[in-house]
């Protein structure tokens, strides 16, 4: 499935922290930068996410702000 | 001003395309990846955004999905 | 690619309206309900979206509000 | 009150799961499809949400992605 | 209809600018502050929005960042 | 850093409630209105947010809906 979201940043999962309903997933991008994602615990289980997984950080362009 | 958004990806503006109210701004990240942002034309003018500018792509963690 | 977004509603494209940078895509869901999506013109071209296409409306759970 | 959000999908609450601050609410749409919403616990209490309630899943068009 | 979104800021419409698909609506809040909203042209027409209208700026708590 | 988000509403923190991963922060605006923000616990710690702090509620225009 191809998605309309314009941003797919490849990287590796470096941390998964589950809360009571929301989980935080840290992904290290190719550049060494890390990006944080907040998704549901259900999504973590459904994707069987664990440290070391190769993933994409997927972001809609309207959710990217610019700071200067 | 420090912001609660967890993701600040440094990069350079490589393209600015203004529509009638919404503009698309392409930012090349350190890793060579590009990320697309959709912001208002007013924001482009207010930040005086132009190609070559050093900027940050700012993204809330709840707006970052994971694909695997 | 499996996505962390929890909602994938199958349907058919019934209208595509391109603006200067943003396009509106109407999708008729199995139930006969229509759902409206606002994506970039670039995404419309990249997915080669046209009326009649079988698609999914993809929505993060944190973007779904409840009205009662 | 009429809302600018373009998508109002009618359905029935089939599950409410409260976390420490965020709750997950599953809504079965007319078509039998279910849609998941993540809202605050405060909203669940304020709307007195419970299984069996007739509700709308309310979604802005800019929050609907397309997958093909 | 009561909505799960936690923020309803009352105000008056002071400007409506339609683009090709997206419109910008400026609302003056009770405090004299103005807040900008980007909605679809269709929503502007559907709500018959015009300068002077009494409205609410409706915002989900997960869409409010904090700057300090 | 100047941000592309168009809305910066000044106010004072009146409550901070941490969940397991997500925190709710209530900000009283100049007008006496309160606005609720849902951010990560990590952001609360990073900004050392506490009751009485002078802050801004930062909101993208595409995240502001209109109700009439």
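Here the chain labels run A, B, C, D, E and F in written order, and each chain numbers its own residues starting at 1.
Definition applied: a residue touches a chain if its C-beta (ideal position, glycine included) is under 8 Å from a C-beta of that chain, and two chains touch if they have at least 3 such contacts.
Per UniProt, the chains are A, B, C, D, E, F = Molybdopterin-binding protein.
Since this is a predicted model, take the numbers as computed values, not measurements.
Listing every chain that touches chain B (Molybdopterin-binding protein) and chain E (Molybdopterin-binding protein) alike gives C, F.
Spacing of chain E (Molybdopterin-binding protein) relative to chain F (Molybdopterin-binding protein), judged by their CA centroids, is 17 angstrom.
Averaged C-alpha coordinates give centres for chain C (Molybdopterin-binding protein) and chain F (Molybdopterin-binding protein) that are 30 Å from one another. Between chain D (Molybdopterin-binding protein) and chain E (Molybdopterin-binding protein), the centres computed from C-alpha atoms are 21 Å apart.
Of all residues in chain A (Molybdopterin-binding protein), those that touch two or more other chains are 1-6, 19-20, 22, 24, 36-40, 42-43, 47, 56, 58, 60-62, 65-68.
Taken pair by pair, the chains that touch are A-B, A-C, A-D, A-F, B-C, B-E, B-F, C-D, C-E, D-E, D-F, E-F.
Taken together, the chain D (Molybdopterin-binding protein) residues at the contact with chain A (Molybdopterin-binding protein) in this complex read 17-20, 22-24, 36, 38, 62, 65-68.
Interface of chain E (Molybdopterin-binding protein) with chain D (Molybdopterin-binding protein) (complex): residues 1-6, 37-40, 42-44, 46-47, 56, 58, 61-62. Contact residues on chain E (Molybdopterin-binding protein) toward chain C (Molybdopterin-binding protein) in their complex (touch as defined above): 1-5, 19-22, 40, 42, 60, 62. Looking at the complex, you find that chain A (Molybdopterin-binding protein) touches chain B (Molybdopterin-binding protein) at residues 3, 5-10, 24-25, 27, 29-33, 35-39, 43, 47-49, 53-68.
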